[in-house]
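Two complexes, one shared chain (chain A), two partners (chain B, chain C).
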Partner chain A sequence: MDDAAAGSRIDAEQVAKVAALARLRLDDGELERFTHQLADILDHAADIEALDLEGVEPMAHPVRIVNVLRADEPGAPLDRDEVLSQAPAAEDGQFRVPPVLGEAP
Partner chain B sequence: MSGAVAGVDPERWEVVIGLEVHAELATRTKLFSSATAEFGGEPNTHIDPLTLGLPGSLPVLNAHAVELAVRVGLALHCTVQRSVFARKNYFYPDQPKNYQISQYDLPINADGWLELPSGQRVGIERAHLEEDTGKSTHVGGGGRIHDARYSLVDLNRAGVPLLEIVGRPDLRTPEEARAYVSELRAVLVAVGASDGKMEEGSLRVDCNVSVRPRGTEELGTRCEIKNINSLRSLGRAIVAEAARQVDLIEAGERVVQETRHWNEDDGRTHTLRSKEEADDYRYFPDPDLVEVDPDPAWVEQIRASLPVLPAERRHRLAERTGASGETVALVVERGLDDLCLAAIDAGADPARTLTHAEHNLSDERSRDLDPAAFAALVRMEVDGQLTATQAKTVLAELVDSGGDPAAIAAERGFEAMDTSELEGLVDDLIAAHPAEWQRFCEGDGKITGFFVGQVMQATRGQADGKAVTALLAARRG
Partner chain C sequence: MSVERALSGSPLPSAVETAAAVRAGHRSAVEVLGERLERITADEDRVHAFNLVTAERARAAAESVDARVAAGEDPGPLAGVPVAVKDNLCTQGVATTCSSRILAGWEPPYDATVVDRLQRAGAVVVGKTNLDEFAMGSSTEHSATGPTRNPHDLSRVPGGSSGGSAAAVAAGFAPIALGSDTGGSIRQPAALCGVVGVKPTYGLVSRLGLVAFGSSLDQVGPFAATVADAAVVCEVVGGHDPGDSTSLPGAFPSVVEHLDDGVDGLRVGLVTEMLGDGIAGDVAARVRAAAEALAAAGATVEEVSVPAVAYGLSAYYLVAPAEASSNLARYDGVRYGVRVDAPTAGEMMEASRTAGFGDEVKRRIMLGTYALSAGYYDAFYGKALRVRTLIRADFDAAYERFDVLVSPTSPTTAFAFGDKTADPLQMYLNDVCTIPTNLAGHPAASVPFGVGDDGLPVGVQVMAPALGEVAMFRTAAVLEASAGAS
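Take a look at the complex of A and B:
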């Protein structure tokens, strides 16, 4: 894979944005390395896109099974104290987390 | 339809409203795990490995949630289709997996409609399954998000099944928006999918508002309003947001697409975050879950098991009684239509029956009224054995303690007043109040009430007001 092809699929700026969305901090070397790796993955996807798939149903899952369901029956909950004892911080039976800016999307 | 929104010039602007309603489904357990889905409870007691996003935990879909989703979809005339669960990726402590499992390009229900009491049909784009999030409480800074020192997280609600019902932008006024939510709630409750309690958060409404010059087709830039906790807030938020957008455009500025937060205290909407930045959720099919492809025979079975829905009940009652749309809507909303229809079947006059249902049967226990007794009461009234006032009294007692209307009437001494007795009373009154009678004869309509009131007082309410008015008119000649 040459650099020109890699650059045509994804650039460092896009990788930086995806990294920010995934809460990953990348240094310049990593940014360059992952830009190449992601471009390779996209190239592989492009190879598949180039195939003639006329009449082939899209798959959402590699295994062809549907409707895996469970009955609506309650099971035993986890013990709260045990769970909270493993959290970095807890208070009043709740997880204590750093102040959150803004509301959930 | 006037299409008017308070504070917005209806000649110049049209307000376009589309609602997204999240309904918590009435299952016993969560969407993908067996922790209880019950409301409330001590914080973090409804938790299991999946709720906590522990490594190695895997989701398995709740069959009952699928059934309830299909029930709602069919009630909303949607196509029930093959669907796929997708991960909506974002970081927030109220969902520890760091993604919410939802449905994206293939929702379980697509393309339906909801008919409002006015007859208006509002399009439904989709109604898909997804997980609810936990609850966070902000501590310090007076509970305000931006000044908080830290937040506390309770995951009891995380993973509770939600049906997100996305309506098309077919609504134009706060009244239509409120009617839509009320009707949707009635349908959800009727099919047993949700308890519909807005105050407990089992029904949550996000509201998309945009404005456009009246007469144009292209939709304006919309804002999504969150934190709407009641039907009243919904109406107020729409009015405030529409006015804000019109003011911006008229001042030569433009509306920015964003999510805004309704503040009940100052009656305004405030910027929460801009859409462009936060909306990159990187959806992809969840590899831990397989497709849901409901068997058509099973879907038909569910269709056959649905109750008669509010819109059809309104049509049925209107057809049978010829009553106005508003009366019919109110009677159906109170769940009194079956009672009324049974009473009419038993020989009650349809108009009188509905008048009672509308004005005298607001008590919830009215639904348990014996239709035969109700019909007998209406017959006594129509036959002139009871006045309207007396009938109302007997009806209240029937609701309270049941029994036979004739016996109750007799017990209370309600007997139809003899015409000659009433004539005597009216003549005595005319003689005793010559000045008032003079005014009546000169055409002062307001004085009629005085005479009727005097007769009612003298007969302790047993006289028929209409008969008194007729007698007075006859005496005037």
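Take a look at the complex of A and C:
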């Protein structure tokens, strides 16, 4: 991050890219506002960017439990119709979505 | 030293008193409920603590509690006690919105474990409380249903994100409420609304049915008017849940039986880093008064430095958004909630998320996506996880010398609407004292301790090492008893 000193930690192009990755659409005003706000927040985070953390283990989680397995016994699942009744669109016991590939029919 | 509330009405019985009266047959659950619904009818228009009041269901639940008492059964330790539930906890067949447009109309097919346990203990759910959308915020202003108002001063925020639950207890709508705390979302609103709020040790309370925000940080806990009520709720909702793979084995520590133990001989550390820059003078003065009260009650009190907490805010605002960006990927217009139609699935997902999420949620999703993206992962997310290790190590060092640590809960008393919404970083700074415990996975409570220069409540935070709930509750109980006296 050599441009950190310039204070432009993230620019509009990067924000637009991140928004696209997160499946969000921003208009021009939002893009400008969010770029400014995200840059402020990342500037604040510069304090940890500057820390020497060589040799410090990362901590992704406070509980050191791994691979919790339940007994391999069938239980009652949620009722399919009840779950599908909450979906925006369902058909034949499945979620219905618009075409995933190619042009719309 | 209580504040003249902006609302009418004298204090109603506590949860402990209510359950005792209902179990003994001296009061009916229906009558208890009626008393609270009356308060809601009188004041909810001005407070907006609730997204939904479930009066009819509550009446049916109260009637069933009364029927059990009449049949000679014991409905449980919260018999007939009304409870308000944060609207990011699943309630079967009852709308659960997270105060987001994207979940409008969604009715979960199951109850969160904590809701189920409350009901099995005889509690009566009166409604779903307002929050910052998906629990992201410190003022409840980021809610799609509009802000909640602080019952002590209706021109001020109640704090957040569990502002609705805090306000519901402060306004007397219910003696107890559930919230969730990812970076202070129980403790900070508790402080601003003058009630007790507890974030238990990570893993002590099930997250099954809590709509996920930051999965390595989220923890459910109680709001209450008294420390004893909060302790009872912890014991009821806490303990192992096989449905949550991060749930710790065993029951919640027995805190109720130690509430009267006092603090004689307890070692209390006053965190230096949380009393300096950025902490309002009147708030710091109350915290020092609290430390004196603990010393007067027999505790040894000293200042202690926990240096790495200074990096907590930065680490949190990388870790929590990173986890959120992943957790909120599920809102795609396919399985639940709102869909905005478009010709292809990809366009439909983008249109649904763009219309369904508010600005603060979008900010955090983008921040997290950025922190996790190629080229930045090591500089941001990777470093933040290492800072987390430092914070826990510094806490561990402090807890070799101290049983509990004390600080302000929030740097200021309740602020005015609109004060911080334009500048997200200013809003985030509200969480500077509460965030480190979430990063470490430790427990902490906020206890009201008098008022600031503006006459509004000040909360004192009591932190403890993992599973240190007994010492935390003992300290909280002494602070509660001495708050009126100093």
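In this section, the second predicted complex is superposed on the first by the 74 of 105 C-alpha atoms of A that agree within 3 Å, B and C clash if a C-alpha of one lies under 4 Å from a C-alpha of the other, contacts with A are read in each partner's own complex, and residues count from 1 in each chain.
Quick note on the criterion: a contact is a pair of C-beta atoms (placed from the backbone, for glycine too) under 8 Å apart; a residue touches a chain by one contact, two chains touch by 3 or more.
Everything numeric here is computed off the predicted structure, so don't read it as measured data.
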item: Contacts of A:68 with chain B and chain C, given as first, second, both or neither; value: both
item: Touched partner set for A:23, first chain B, second chain C, both or neither; value: both
item: Partner chain(s) touched by A:77 [first = chain B, second = chain C, both, neither]; value: first
item: Chain B versus chain C, judged by how many residues of chain A each one touches; value: C
item: Touching partner for A:97 - first (chain B), second (chain C), both, neither; value: both
item: Which superposed partner A:60 touches (first chain B, second chain C, both, neither); value: both
item: Interface residues of chain A shared between complexes with chain B and chain C; value: 18, 21-23, 60-61, 63, 65, 68, 70, 78, 83, 95, 97-100, 103-104
item: Partner chain A, residues of chain B touching it in the complex; value: 27-29, 33-36, 42-49, 52, 60-66, 82, 84, 89-95, 106, 133, 136-138, 140, 145-146, 148-155, 226, 261, 272-273, 278-282, 285, 287, 289-294
item: Chain C residues within the chain A interface of the complex; value: 106-107, 109-110, 202-203, 216, 242, 245-246, 248, 310-311, 313-315, 317-318, 325, 332-339, 341-351, 353-354, 357, 362-363, 365-367, 369-370, 373, 379-380, 382-390, 392, 423-425, 428, 440-441, 466
item: Chain C partner contacts - residues on chain A that touch it in the complex; value: 1, 10, 14-15, 18-19, 21-25, 34, 37-38, 40-42, 44-49, 51, 53, 56-63, 65, 68, 70, 78-79, 82-83, 86-89, 95, 97-100, 103-104
item: Chain A to chain B touching residues, read off their complex; value: 17-18, 21-23, 60-61, 63, 65-75, 77-78, 80, 83-84, 91-105
